[in-house]
Amino acid sequence: MKTLNKYLSFLGIALIIFMIAILLIAFNGSNVFKALSGFFIGIFGSKYSIAEVFVKAIPLTLTGLGVAVGFRSGFINLGAEGQLYMGAIFATYFALLFPNLPKIVMIPLLIIVGFIGGGIWALIPGILKAKFKISEIIVSIMFNYIAINIVGIMVRTILKDPDYPYPMSPRIPEGAMLSTLIQSTRLHSGIIIALIATILIYILIWKTPTGYEMRACGINPRASMCSGISIYRNIVLSALISGGLAGLAGMSEIAGLQHKLIEGLSPNYGYTAIIVALIGRNHPLGVAVAAIGISALQVGSLAMQRSAGIPNSISSIIMGAVVILILARKTIFKKLVTEEGMV
Amino acid sequence: MSLLVMQNIDKSFFGKSALKQVCLDVKHGEIHALLGENGAGKTTLMNILYGIYTKDNGEVFWKGESIQFDSPKDAIDNRIGMVHQHFSLVPTLTVSQNITLGLKSKGYPFSNRKKLNEEIKEISNKYGLDICPDAYVSSLSVGEQQRVEIIKLLYRNAELLILDEPTAVLTPQEIENLYIILRKLREDGHSVIIITHRIPDVISITDKITVLRDGEKIATVNTKDVDEKELSQYMIGRQLKVMKRDEIEVKECDGLDLNNISLKKDGVMSLDSISLHIAPGQIIGVAGVDGNGQKDLAEVIMGIQTHTGGTLKLCNEDISNLKVKDRKKLGMGYISDDRHCDGLIMDMDLTENFLLRAHSDKKFINKGLINEKLAKQETKKIVEKYGIKTQSIRTPIRYLSGGNQQKLILARELMGNPKAIVAFQPTRGLDIGAAEFIHEKLFECRKNGCSILLISADLEEILAVSDLIAVMYKGKFMGILKNEENIDVSRIGMMMAGSLDEYRRELA
Amino acid sequence: NDVSKDDGTEDTLKVALLLSGPANDQGWNASALEGLIAAEQEMGIEIAYMENVELVDTESAYRDYAAQGFDLIIGHGFQFGEPAVRVAESFPNTYFMATEANAQSENTASYVMKCEQGGYLMGVLSSSMSKTGKIGVVGGFEQPSIVKEVEAFKVGAKSVNPDIEVFEIYISSFTDVTAGKAAASSMIDQGADVLYHVANQAGTGVIKAAEENGLLACGNAYDQSSIAPETIMASTLYNMPEVILQAVTQVKEGTFGGGVYHLGMADNVVDITEFNSFEDKIPTEVKELIKSLKSQITDGSLEVPLIETPTK
Amino acid sequence: MAAAYLAAAIKMAIPITLAGLGESISEKSGVLNIGIEGIMLGGAFGSFIIAYFTDNLFLGVLAGILSGIIVSLIHAVISIKCKADQTIVGLALNFLVLGLSSFMFLMVFGQTTDLPSIAVFKVIRIPILSKIPVIGEILFIQDAFVYFTIFMVIILSIIFYKTEWGINLHAVGENPRAADTAGLNVNKIRYISCLFNGALGGLAGTYMTLVQFGFFIENITAGRGYIALAAVTLGRRNPVGVFAASLVIGFAEALQYGLQTMGIPVPSQLFTMFPYVIAVLVLLFSIGKTKNPTALGTPYIRSER
């Protein structure tokens, strides 16, 4: 009964969102039917488009997991965007530094290097928080801007492709590329990385003593400390893992999709990840599902822009509205969900 | 005519009934006690009166008129005041700012602080509530905070004062002072509702007593018509057991040994050369006014803070440099004075709170993963053995009453025959039944050869269970006395107040 | 994957445009869209466009339009080059095009506009009009399509007055107007009295700064005098309709082939506007100079250097 | 030269300070709103649309304030009434307002290269004072918003530290339970604080459209809201501190442009990130001194303990 009510309330949200979408489309003077069919065809229309949903879901899952791990352990990481870029820089640099490594060696190393890249970038706000109690919210946002500028510097200096005037790195060697999984789509084996990461993070957070400590620290650091858990260690660890996962996303974008470092690599994945983490309730499996959902929303609205000329600001509107409605759900659907608060 | 009548009050939380048809009748100039076990509904009833909760059913008459308070402001406007169980003061504001908070005095919002301070002084002088208006609340001792709370009510002209467990954190002298004030208030025509678990006090100062059990009113009696035994019968449905401390043979060699322990914080010595030996099977009680370094002492022993001087030994092994975790592994247990902050993770369930200690125990780890099955089994065992009242072991600990929460902490910290226990205010806020249970468990440990340090501001408790009594004042031990039949309580009281003579005499 | 696009009604040519930023950006993207719309009216083609296309979405955008049966798909910016080639492989009957790129294949062409020619003339104009001997240029990102214009501006300025001091600032954004204005103000504080920008939307901030201080400025990408008639002396023009027209004609005639094409003033693709309200305020010698330089560029006797990495 | 930098820093600091002051009020009351970006953008959009169609700058200012308030009140209701995670509501609002303002702007004006624009507020010369060399130019030849901002810094300093209102605000953010039992209406005070946050944030956005530019374009705020958030932390919610922090960041930004014009041959990004690096460095200096309001970010629920 309780779960039924819960689902009903979510259905209500879906309905409201649907109505908002129709309203916006109508405002835009477009054919609602054409737009909506464009939306769904854009998602489910072909093997390619379905694959596209997963292509975008890969970085969203990885960054989303990162943000969720942080949230669980009390590290409010708004810096996934910057960490993604740092992972991308590290991975590209490494791949270009050792162009002749065989794939079997290269890919695992890239995973480690990408993880470290993102991890280090989160570690700094992590240590500042753990040691000096400096708000990680502000520092991690500032670090996004800094990281993006570092990418700009890298692709114009150390990592610049000497053969072209464009600000981008040379192509990474064949051995560093994640293979394509489905012919004539862009779906690459980064999805396997995302899948494994989801499972590992689930196990880490919910099944291991370390994960337990991280969660405990996230809820009540003082009590955790009193029973012998090191807060410092756990904030630093969660920052490292949180940033590392975002770094993995950057690595997977380089190795699986772009094959070179270039500005604008991430269409705000790092910020969207925060929303993904929320909708996924900071639970690894939820995050994966939410990532696919948000990715589908984005892929669909892009298609809608092409088929019916709907400005794609609509996906930003809907993403914002979805989150707000979910947060307000218990109040809006008071009658339905009052029982939910009780255990 | 009665000042306050609460009639047939019903209240339930999430479908679980907390108050059933409760009635309460308070006259002008009366001190009325509200008694009951933890979770009986005392606070809930008062919170309804004060506008914090809304009642489901029933009626409240204030001076004969039916009223409904929707917020504390309504209650304050009707000259009802309440001091909560956990003080509600803003630590970063001054005493005076706290007292006048939310009031609109002349010139608002540019109040004349000087004038307000004078008014406050006037009240504090009248009732002997000594306080400095410009001190920050964060710098006050608990007793002083209590005074601020009371002045706050008086400043607001409260006719009815509600005090929810005002004595739980006070020293005997402070309690005595409080009672003097209450009597003075009664003389001045104020009425008081006091919630407390201290039965002797109830008998000495109140006029009437209402007893709640499981959300129902059991009885309202005139104080002069009852005695302690009857009251405990009313409260917990039985009489308290008579506890006896049997003499236990003390081995001098091992146990917990503090040698000249010091702690320097921000240039101040908060612990000053503390030496103490707790033999196995010994309970040493540390008496003292709250805030004289007891918390530091407890935390230094547990390794939550690191001492800056001296050595700490457990069974002749130097543990000075061990982390909290390792100390616990060696067999040390800690019951903190603040279970909500230090002891429990309120949003986690019973099993997870049990794991707070057990998760680092090899027994509960299987191939790097937590052995959930075993953890649940153990938690279930604990729930049965300690009689913890809970819906299930998956219930967030937040939903348990204080006594039951404390039982879980106790069970967790006493697991596996500990060698040493630091019990800091273990019965604070607990009802007599629950307190008795905790004391029983401590005795059981003592019997098993555990060294126990009991720190409490409640001298009664110290006297009831300790073998030796150490009195703490400003980070020092003023002396260590043997707890004998004819122990001089007034001497302890003087030591607690920092009488240096006593200290010197002990040293000599 | 290969969708046949000849389904009977196929007479009108379908052209799609991909923009990397907002279509309303008062510059690069806006002028391209205007070009597309002009081509629609002139040639009766059917058009579609997409704005704010992110790097990751580029390939699927190309592919989707191709699958929808568009004949020519134009990506406006260097980053659209490589994805075009990749998609072009699976759609041999569709034509792909990217501007400012260097990518090419059988059915992919890159059209590079010789924007430096316009920038050069603006440099000459600014330098000639400066009283303080200091002028400034604000660039968006440091990337070839911008750098070449900034550099040509500097070369042009120095060609009239070797002692002229040219301030340059890249603000790393095409959209942040506040940054554009702040950068311009900084130059103004240092004495610059004529400003130029190659920063699209962010460039409007530059124009605002000049206007506020009663100084002069040159517009970029389209006739920007409407933004500040008393400030903008002239603007460079990218004749996107012409580019699209040329490409569409080639597609129609079946002559569209892979390659990298450089189009400039001689091809009627790069140009500068009239002086509008400044017709009377600019000394005749200067107008004459610009005119003659322009014709020299057009007939090839003056080669504006192409410098694609910043020389600071 | 330094005077020029200072003048530039003041210009850049105005919107950041205004928004930062609003956020300080909100945070002092315990409501953390990282959606200032959305508030500013809303204010920028609302003020421009109304000023454009009514041809009246003052109506524009009103509209800007109102738009900011609307955005802020959505945040307030979701976080106070629905007791949701304040950080996430703020972030979601940023997405929502960015999308909505772009969408609506397009609906109203269509796709065009004709930039719809209006005349902006004029600078006001304060007689006599403006004649003082150097300082006069920096401080006394400015637009009304500059004066208003300085006025607000002073007024808020008085309110925060010299009045009962400040004490109430402090109490609500520090210990809402205590404030409630003392008879203060916690949620009402929080709503009012959010209202001011919206008004000041909306005004910051209005400053951009009605003073700095005279036009609106997509994402015109371009992350200034996040900078304001940093300024609030740097300035520790003290009005003067927030203003000083905004000036430091503004100064860093002015300085980076100054450095760029010197023609040092390194990628410009090295300069672009300068203000952000400065912000982080300044944060390092505040080690040990920052203390957030204890209840910051947590909803107050009366019937819970």
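First chain written, first letter: the chains are A, B, C and D, and each begins at residue 1.
Assume a residue touches a chain if its C-beta (ideal position, glycine included) is under 8 Å from a C-beta of that chain, and two chains touch if they have at least 3 such contacts.
As the structure is a prediction and not an experimental result, all values here were calculated from the model.
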Completion exercise
Chains in contact with chain A and also with chain C, listed by label, are D
Completion exercise
If you tally C-beta contacts across B-D and across C-D, the winner is C-D
Practice task
Between chain B and chain D, tell me the centre distance in angstrom, where each centre is the average of that chain's C-alpha atoms.
Solution key: 45
Exercise for the section: Can you check how far apart chain C and chain D are, centre to centre, with Cα atoms defining each centre and the answer in Å? Expected result: 35
Handout entry: Centre distance in Å when chain A and chain D are each reduced to the mean of their C-alpha atoms
Key = 28
Fill in the blank from the handout: The distance between the C-alpha centres of chain A and chain B, rounded to whole Å, is 47
Practice task
Please set out, as single numbers or ranges, the residues of chain A touching at least two other chains.
Solution key: 149, 152, 156, 311
Fill in the blank from the handout: So chain B residues touching two or more other chains come to none
Fill in the blank from the handout: For chain C, residue numbers touching 2 or more other chains are 142, 172
Handout entry: Chains grouped in pairs wherever the two touch, ordered by label
Key = A-B, A-C, A-D, B-D, C-D
Exercise for the section: Could you please specify the touching residues of chain B with respect to chain A in the complex? Expected result: 14-15, 299, 302-304, 323-328, 334, 336, 341-348, 352, 355-357, 359-360, 365, 368-370, 372, 391, 394-396, 399
Practice task
Would you tell me which residues of chain C are touching chain D in their complex?
Solution key: 22-26, 30-31, 33-34, 136, 139, 142, 167-173, 175-179, 181-183, 185-187, 189-190, 201, 204-205, 208, 222, 226-227, 310-312
Problem - Partner chain B, residues of chain D touching it in the complex - result: 159, 162-165, 167-168, 170-171, 174-175, 177-185, 302-303
Fill in the blank from the handout: chain D contacts chain A in the complex at 34, 74, 77-78, 81-82, 84-85, 87-89, 91-100, 102-103, 106-107, 223, 226, 229-230, 233, 266-270, 272-273, 276-277, 279-280, 283-284, 286-288, 290, 292
Practice task
Using the touch rule from the top, collect the residues of chain A that touch chain D in their complex.
Solution key: 24, 27-28, 76, 78, 128, 132-135, 137-139, 141-143, 145-146, 149-150, 152-153, 156-157, 271, 274-275, 278, 311, 313-321, 323-324, 327-328, 330-331
